[in-house]
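So that you can tell them apart, the chains are marked A, B, C, D, E and F in the order they are listed, and the count of residues begins at 1 in each.
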Amino acid sequence: MAPALKEALLQVSSASAAGAMAKLGVRNVWIRGAMPMAGGGARTVGEAFTMRFLPAREDLVGPALAALPNSRAAVEAMEDGSIAVIETGGVTDAGVAGDVLCTRMARRGVTGLVTDGAVRDIAGIEQSGLPVWSRGTASPAPGNSLTFAGWGMPIACGGVTIFPGDVIIADRDGAVVIPQALVEHVAAEATEIERFDAWVVSKVEAGEALPGLYPPSAETRDRYARESRTESR
Amino acid sequence: MAPALKEALLQVSSASAAGAMAKLGVRNVWIRGAMPMAGGGARTVGEAFTMRFLPAREDLVGPALAALPNSRAAVEAMEDGSIAVIETGGVTDAGVAGDVLCTRMARRGVTGLVTDGAVRDIAGIEQSGLPVWSRGTASPAPGNSLTFAGWGMPIACGGVTIFPGDVIIADRDGAVVIPQALVEHVAAEATEIERFDAWVVSKVEAGEALPGLYPPSAETRDRYARESRTESR
Amino acid sequence: MAPALKEALLQVSSASAAGAMAKLGVRNVWIRGAMPMAGGGARTVGEAFTMRFLPAREDLVGPALAALPNSRAAVEAMEDGSIAVIETGGVTDAGVAGDVLCTRMARRGVTGLVTDGAVRDIAGIEQSGLPVWSRGTASPAPGNSLTFAGWGMPIACGGVTIFPGDVIIADRDGAVVIPQALVEHVAAEATEIERFDAWVVSKVEAGEALPGLYPPSAETRDRYARESRTESR
Amino acid sequence: MAPALKEALLQVSSASAAGAMAKLGVRNVWIRGAMPMAGGGARTVGEAFTMRFLPAREDLVGPALAALPNSRAAVEAMEDGSIAVIETGGVTDAGVAGDVLCTRMARRGVTGLVTDGAVRDIAGIEQSGLPVWSRGTASPAPGNSLTFAGWGMPIACGGVTIFPGDVIIADRDGAVVIPQALVEHVAAEATEIERFDAWVVSKVEAGEALPGLYPPSAETRDRYARESRTESR
Amino acid sequence: MAPALKEALLQVSSASAAGAMAKLGVRNVWIRGAMPMAGGGARTVGEAFTMRFLPAREDLVGPALAALPNSRAAVEAMEDGSIAVIETGGVTDAGVAGDVLCTRMARRGVTGLVTDGAVRDIAGIEQSGLPVWSRGTASPAPGNSLTFAGWGMPIACGGVTIFPGDVIIADRDGAVVIPQALVEHVAAEATEIERFDAWVVSKVEAGEALPGLYPPSAETRDRYARESRTESR
Amino acid sequence: MAPALKEALLQVSSASAAGAMAKLGVRNVWIRGAMPMAGGGARTVGEAFTMRFLPAREDLVGPALAALPNSRAAVEAMEDGSIAVIETGGVTDAGVAGDVLCTRMARRGVTGLVTDGAVRDIAGIEQSGLPVWSRGTASPAPGNSLTFAGWGMPIACGGVTIFPGDVIIADRDGAVVIPQALVEHVAAEATEIERFDAWVVSKVEAGEALPGLYPPSAETRDRYARESRTESR
């Protein structure tokens, strides 16, 4: 992702990004259940590094388990500026990442972790500085109920499909995915939504009523065009 | 609602109000899922302004959608001191209100928003000053999964029936509805529950055991009557 | 529980305790839904004092109800240093304990309350100083939907079986049970897990990669043995 | 609804009707949870007569309850050939209709009952001959947990919005709503879907593979056009 | 239970029994999730023999497990004519009883099994002749996720509290509990409800409208009294 | 799978297979939610042909959709005697297969379809003769809420991990997976479980009590060994 594009997206909320996508008819983009768990929901933006966990199966131990991919190798494959997005199938009674993995991710320049499952050792995670969006915390390690299945494939996370390289914006409202092909369009459109939204709020704070103002009538559009021109001079 | 009545209710917790209603056999009054999301659960009291959302249906666009009532008009119909109570059927993957609507509600003197769904743009909502009780936040706008159906009708919110004009008390424990016909009785009874409760807690802090004290034996009742008489002199 | 054992357990996280039990094949130990509600998740350790609520049945009033055990008597049976663990069957629309009960528990030296249900009057509970792990708060009193069934029996809380005298560790990740017969072993093992974990995190912070380090290769084990020997001199 | 239109719809499955609407982008039409409970799922078609239940509130008794609309009056307002569609908010621990109401509905020419809740006295309902789609059966009467709120308004049933006069097709796969404005189009399109589907199945039974056949290539379309012309001669 | 009382209850539906209890304000009596799984829902009546399962804990094996009560001993304690009611906490991924236990129960004169969990080997259970109400079937044995905790205590089954000796009526609508102290009253009242209900249905079949008839006006009551007197001569 | 092995597995129930795996500590093998929907639960056995659906995303249309794998191609890759196992993430408001796909599967010698989602056009599926285990039926086609993601990868179906080539046994109790490496062992062990179970049931039918008999004491084991030797002569 070009730095300017990333910079632009860091200025727009996940709500505005969702709004920009809704205008294109792309609606199923909000990752259900992934809420700010570490980092206070300060906005992060990055390309999705996808990972998948499957339900634990008790025969997958020893050599059978060693033959499967593992989550530590996945972390070492993450690129600077990416966001780890982890599918669990909604399992919340084990934490898919703890202090060790999160510290290593932070060290590799990963800028966020988003999952429809839980994380563990939240105190340790906070010390790592890695911001996390999850469905909560849990004490047990993933092996209790999950088996790591691999990385870099399309996943379902919180009812949303995410392909590797799609872009994630996460903030206090949660996390949304922007399909790769739409990123530039969404960045531009969401920026404009933010700007118009701020203008509307300023009018409402000044006492104006909503009908005609929001959503805007033709007249309001003209007025906004005039006023925002003035402002940006 | 008379100012004195409102003032009295602001002094009692939602728990005491629920307790007062339980004594009348009215038990299904706590709005499941509506928890403090903005405003920190500082207590608010007001008459319910009811609103209803239905599931989105893709044919309801353009003129068909324009023919339906809309949420902006609803906001303009809200009265000073009322609390917006919004039924969503439990849909939490879209936010029924964002910064614009909440700023306008706050401007109109609305003293709270309670919903069994989600809100969006929580950072903007906090700036509006409107206190919110909801099941969380979500990035998408309501149109993603909900259609506004109208206001001023009886609704089901969080498993509880609310009629326009019923009274809402919301605080850190959540939000309860007081049926309009019971408000005066509940205010008086809950005030007494608060007073007795505080007296009991002071005794427990002083080291007394619970049996006989809470719930009170006849002897405890006498003692409480004596002591609270003394106190209020 | 011997003071030294309790002291040792206070130094280990619920995550490390769960990890120590997983090594024994004991995995179903994390109490689903019981999250920090009062006390900020500061760690507590104690022997479980079990209590059970059943669904309310409307014929259980008056003498029929008086013939059943009651929760106030239960509180008076709690011992100093114990943790109250309350089964509700997952009912969250009534609070199983409020300010009065929690104040009395704190007074009796109880060091925590853990439940798969809700608590009520959270503001009052915070004043009592009793730390609470629950599935949330609710305004109504338990009588609305629950009947107290007794104490001191094996219970199911959050999908986990707890016997009286089992040990509970609760912190920010939630609460886990340690079966009584395993407590000493788990304390020792979890202490070692904590120590190794801290060593690994220090290496990761210094820039080391995960493969070989975590989980440790034979070489890493040797290195850790060497370095931790040095450290403890 | 014109008799010929009804007749046409009786020849198409709810699956084909859903398929015809999906081609128009209208997708949220299948009433979740309403499955054949009486009548074996034999297909029925009719205009929706909407009814709504709200959660029971214990103060709504005596005169307060008598002042509300009631379900018996609703039944008397139903027209010959209509289908009763009942919103419960998903409450399944009380039956919204039993033998008396169903017998009367059948007598009035109602051709089906569809609900996202439960029905009661299923043996008596079967004797009435009224076909029912519901989420199951329950012994208790609605008063246990529901209050009747009225009829003839837009409702949410099983996650789908239904307006009075929309058309319902219910069969073994469940029940779908067809928005009133789309009924003629859907009837024609679904008829064609049925016809093409039957042709495809006949080819598959004869051993043809799917790629190119389904969904059809241009060549398959030509072939179908030719063969269906021949057939209908 | 006296034979005449049992005989009377076998003539009334679970719906009528629930209706009789609702008149007493006793509403939470229907066991959620327990639906006919073997025996086709043919009505059965008997005193509850309560059993409880807790979540499996992996340390409860060998001597620790042997020290706990077991379900085979429970079966040998069941009396002729009783109904086994089994609490599972809603666990449905293991079957609490299979062909061996059910065959033995049938042999001991047990007249039904009711559970909020699942059963296993449904084909074998059908051969045993024991009628079963459950939330489905599952292949795994209980040990997979449940531990037997004992019998003869108050239990929660499907959200309802059941004491040993309470009476169960189960039929096609599901299973309800009648508190022991209310059995005679409920039997008489439900019998009358059945009789009146049948009279109403006969009127509705003859073409009468509901208002005034059901629920009955004073006039309808008189008419019913007259006609039922005549009938019973 | 060797024909003799398949033949042996067709003689054992999914319950006995689950029992045999439980003895190895392999417990998470029952596919939650997949119940007999077509074919009446008559037993089927085969190697799993795995398929995965992801949540639908509205940008995946036209060329973007055409670039993804499709379910028709998957069907053409199925081998004679295999069982299609379809992951949906638990989505039940669209049917992953209908009459066309099922007819083609049956034609290709596929001996079952197992899914944690729904199927559509159940009447047409029954005519195809393909036995189906699913969480129900739904009218809409998969495109409404699901996107096909591919086949031949490890999947999670009903909370269970399934690798291509694992063996499925499905019957009236539901469907279990047998890990490929355990198939021979499980077939032998489950056969013995069936045999012993039948012997126990015959004793119970003859009036014997359970303690000592089931689970068997050493003495019972001897007796069974003696009697089953005699029988098999």
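We take it that a contact is a pair of C-beta atoms (placed from the backbone, for glycine too) under 8 Å apart; a residue touches a chain by one contact, two chains touch by 3 or more.
The model shown is predicted, which means the values in this text are computed figures rather than measured ones.
Both chain B and chain D are touched by no common chain. At the interface between chain D and chain F, under half of the residue numbers appear on both sides, which makes the contact a different-residue one. Inter-chain centre distance (chain C to chain E, centres taken as mean C-alpha positions): 36 Å. With each centre defined as the average position of its C-alpha atoms, the distance from chain C to chain F rounds to 39 Å. Per-chain Cα centroids separate chain E from chain F by 31 Å. Chain B and chain F have centres, each the mean of its CA atoms, that are 49 Å apart. The set of chain C residues touching two or more other chains comprises 27, 29, 159. All chain pairs that touch, listed by label, are A-B, A-C, A-F, B-C, B-D, C-E, D-E, D-F, E-F. By the touch rule above, chain C contacts chain E in their complex via residues 24-29, 54-60, 64, 89, 147, 149, 153-156, 159-161, 179, 181-182.
Within the complex, the chain A residues that touch chain C are 72-73, 75-76, 92-95, 98-101, 103-104, 107, 120-124, 136-141, 143-145.
Taken in their complex, chain F has these residues touching chain E: 13-15, 17-19, 22, 27, 29-30, 32, 35, 159, 171-176, 197, 200-201, 204-205, 207, 209-211, 214.
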